[in-house]
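Have a look at this one.
Chain nomenclature is as follows: A, B, C and D, assigned in order of appearance, with residue numbering initiated at 1 for each chain independently.
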Amino acid sequence: MVISNPIYFIALPLLTAFLLPLIGKVYKPLIRLTPGFVFAFMAYISFDLFLNLEQGKAQIIQIAGWAPPLGINLVYDNFSGFITLIITTLAFIVWVYSYKFKKVGFDNSKKFFILMMLLVAGSIGVVLTGDIFNLFVFIEITAISSYGLTAFYKGRDGAEAAFKFLFIGALSSTLLLLGILILYTQTGTLNMAEIAIRLKDVPIATQAIILILFFVGFGIEAEMFPLNGWVPDAYSQAPGPVAASFAGMLAKAGIYGLVRIIYTIFDLNGIFGLLLIMGILTMIIAETAALKQKNIRRMLAYSSMGQMGLIMIAFALNTKAGIYAAIFLMFNHALIKTMLFLSAGFLTYSTKDKKISDLDGFGKIMPFTALIFGLGAFAIVGLPPFSGFWSKLSVLTAVADKTYYVILATILLISVVEIVYYFRIIGRLYFKKAHEEVKIHKPSWNAQVAMSVLAILIIVVGIYPDLITEYISNAADALFDKSAYIKEVLPNVSLN
Amino acid sequence: MKKLIVITLLLILGFYLMSTFISVPFGAERIAGVKDYYLKQSPETLKVSNVVTAIVVSFRGFDTLGEVTVLFLASTALGSILYRRRTHHSGLNPQREAVVSSTLVRTGAKVLFPMIILLGAYVFVHGHLTPGGGFQGGAIIATGFLLILISYRKFFINHNVLTWVEALAGTTFVLIGIGGFIFANQNNFLENFLPEGTLNNLISGGVVGIIYIAVGFKVGAEITGILDTLLTIKEAGLNPDEN
Amino acid sequence: MQDYLTYSVYGSAILLMLIGLYAALVKKNLIKIVIGLSILDAGIHLLFVAVGYLNNATAPIFSETVLDKNVVMADPVPQALVLTAIVIGFGVTAVALALVVRLYRKHNTTNIDEIKNLKW
Amino acid sequence: MGIGSIIFLIGALIFILVAAIYAVIQKDLIHAVIATSLISLALSLVFYILQAPDVALTEAAIGIALSTIIFIITIRNTKRYESE
């Protein structure tokens, strides 16, 4: 079917973003409606494509008719398809939420939606592309749109957060470019599958340098430890839906790029140890920092970093069970964090500092939003009826299988920390007396719909995890089996 | 102290980079790779004599789409960061209070402007034959507008025109891509669906020339927009209540 | 001779990058930091083009005079990549400078030590 | 590559490094920006010698003219001197 083609994930948002200024001249409300149609269509084709994808097969899209390794190609396999599905669905939900996005006027909502659409297109591009330099281009697209979105509000310290983000981002993307250059000089190609074949002849020391450069390049978007200084600032200063999509899309695209490089291109033993150490450091530092936060958005940001650390640990196990757990975690983290950010946005809408202590007694004042937040908190710490439970369980079993008992103990300990700071908020929401004067902002119906859909998804997956475990397991296979990827992209090349 | 640590770290980085790059000596023959194929196919199949153009527009055309997007994104982000309030009465450019530049500069600008635009247009129309192309041509055109913007303080760029040029050029690019999807032999995005022509003719290379012209218009309009946004910065009043 | 050229061209490209990195990491002035980033970019661009050069090569353009296919041509791929990189670098610089202007409007300074509403 | 080009190349590289160091230590930001513009100028000559005319043209248009002008506009809207 011509309609369902992965190329639309990128071509369509770009086309709409280019046309949006003109559309605005025709009829103003279309500025807000068109992105919705586009996101809905993208979500539809991603469901269509994903459900029709055979297990272990990949759809290779050649751009401009040059077969890989000559031209750029997109690889839509079980893993990238699954992540694309998450991103497109979240994009639509975030659009529903921000459809009436404050009263910022049409000119600004035009800019907002252009930046948002390009963030989505860039994230999907990072996930789908099979070419290393194209990956860099898409990373830059996501990065620049994130800078713009972080600085979107004038009243907050968004510009400061954005500059910090830009500084780290520009440094690391330059190093990424350097890594790509070294790869090209050593292998003479830019196609990821062909690089994977040719990298066997490259000296280990050179490989290690390239790998470190890539770690730095992707670490920033994956919120890895020394590079995540921008995370709490950007998450707390950006508009609510933007913070939600950073957690749901940007971080997912970053970690996807990192593990795709690690698993598919390189064949070094030391990598997984490095990733494991980084993951543990990220998790411990972020979660302990989250405990100390007074601002709810900063707390959620640190918690998000902690979760990314856990995902890194699971990926670093280098077993199928570990990858399975990591992808499950990515799914849950994307959904639940989005839900938490969206509901926190309304809970603290009228307070200036977004302090946790401002939330006393909101369980009675804003029952619906508080309920959504509570559900999210229960789900993210991994309590049984929700989907977070299954992913945490699979991480723990995967770690136990590898007999890393120290890490197992660390994860359990950190989970306790997580429970402490999330339940502190729930305690304030439901068991404290409200402040005398509280201004509240009722969520509009579309925001309520968006949050309810997420909540229902989380509960349904929590009760029937079998709905998605098969897909996740296929995705894990697709990532773990490197030779299958190479065979799909380059069918005429024989390995060895 | 901090400086010392930074310098030490940088020297270590430099040492490792140098030791990596020594393995590919300057000017020596390189490992065989995609470049040999590009050098062969570009004049033979694609009929584009400038191989760099062939790579930028056809072999790696998707990168170029991304690159144009980056510029578009930069100009949008700039607009959202600096909050230009629209002046509805177009004559009211805030720059009119600035010092008027001398007659010499203004006359010079008037004489040079058409030439610069012509050069820019030449560069991007001949992108597939000679060095240069959409980016270079677009950037040259933007410098022409820059000259006018700084010598005639009252010169006001009509944003409607910029928006139209930008949107139409970008749309042309994507639509040519989708055209390849529908009309070309293998139904691929951005694939050539026009006759290739003969090498070194102005009309050759199929869609390559057309795409590069669209890129030229888009880059020119975007950079001009960026410059105009920055030049009219004084207009941007920051209202602390705006949240 | 070749060795000297290798060392001097790559060496100066890498040195240029290091100078840029130094400015970006150590300087306190926001505009100086952005200048550092653009010097860093310039170093990378030089490195790209230097890697693409081959001895006695011509530019990768088939004009009428070089249509006999035996001419050695410089590697066109790094040149194409660096074109993209230059344009992207320009976009990032523009956004960075816009942020600098907005920070100056708000804090009335371009010194990074005085802009500390958020914890670094 | 002829001996003349080599001498020119080395000279341009030395010039680039000197200009870069000047740009970093100079307190007057306008001067620093002019120095970066000179880096771009020398760089585009180097690109031309290294048989990359396309890149040279891009660097000439973007590096010398446009980058410099956006820096100068920014400096005019902020402070000209770097304080200690």
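Note that in this section a residue touches a chain if its C-beta (ideal position, glycine included) is under 8 Å from a C-beta of that chain, and two chains touch if they have at least 3 such contacts.
What you are looking at is a predicted structure, and each value in this text was computed from that prediction instead of being measured.
S.K.: Using the stated contact rule, I'd like to know whether A-B or B-D comes out ahead in C-beta pair count.
M.R.: Between A-B and B-D, the larger count of C-beta pairs in contact belongs to A-B.
S.K.: Could you please state the distance in Å, as a whole number, between where the Cα atoms of subunit A are centred and where those of subunit B are centred?
M.R.: Spacing between the chain centres: roughly 30 Å.
S.K.: Using Cα averages as centroids, what's the distance between subunit B and subunit D in whole Å?
M.R.: Subunit B and subunit D have C-alpha centres separated by 20 Å.
S.K.: In whole angstrom, what separates the CA-based centres of subunit A and subunit D?
M.R.: 38
S.K.: Could you give the separation in Å between the centres of subunit C and subunit D, each centre being the mean of its C-alpha atoms?
M.R.: Taking the mean C-alpha position of each chain, the two centres sit 10 Å apart.
S.K.: Can you list the subunit A residues in contact with two or more other chains?
M.R.: Within subunit A, the residues that touch at least two other chains are 133, 137, 140, 144, 147-148, 151, 159, 162, 178, 184-185, 190.
S.K.: I need the residues of subunit D touching at least two other chains; which ones are they?
M.R.: 1, 53-54, 58, 62, 66, 70, 73-74, 77, in rising order.
S.K.: Quick check: what residues of subunit C touch more than one other chain, meaning two or more?
M.R.: Within subunit C, residues 5, 9, 15, 21-22, 47, 50-51, 53, 55, 59-61, 73, 77, 79, 81, 83-84, 86-88, 90-92, 94-95, 97, 99-102, 106 contact more than one other chain.
S.K.: Okay, what are all the chain pairs that touch?
M.R.: A-B, A-C, B-C, B-D, C-D
S.K.: Which bits of subunit C are touching subunit A when the two form their complex?
M.R.: Its residues touching subunit A are 21, 24, 30, 33, 37, 40-41, 44, 47-48, 51, 77-78, 81, 84-85, 88, 91-92, 95-96, 99-100, 102-103, 106, 115, 117-118, 120.
S.K.: For a test of understanding, state which residues of subunit C touch subunit D in their complex under the given definition.
M.R.: 5, 8-9, 12, 15-16, 19-20, 22-23, 27-29, 31-32, 34-36, 38-39, 42, 45-46, 49-50, 52-53, 55-61, 73-74, 79, 82-83, 86-87, 90, 93-94, 97, 100-101, 104, 109-111
S.K.: Sort out for me which residues of subunit A touch subunit B in the complex.
M.R.: 2, 5, 7, 11, 14-15, 17-19, 21-22, 25, 61-66, 69-72, 107-108, 111-112, 114-115, 118, 121, 125, 129, 131, 133-134, 137-138, 140-141, 144-145, 147-148, 151-156, 159, 162, 178, 182, 184-191, 203, 205-206, 209
S.K.: Looking at the complex, which residues from subunit B come into contact with subunit D?
M.R.: Those residues of subunit B that touch subunit D are 27, 50, 52-53, 123, 131-133, 135-136, 139-140, 142-143, 146, 223, 226-227, 230-231, 233-234.
S.K.: Provide the residue numbers of subunit D that touch subunit C in the complex, in ascending order.
M.R.: 1, 6, 9-10, 13-14, 16-17, 20-21, 23-24, 29, 32-33, 36, 39-40, 43, 46-47, 50-55, 58-59, 62-63, 66-67, 70-71, 73-75, 77-79, 82-83
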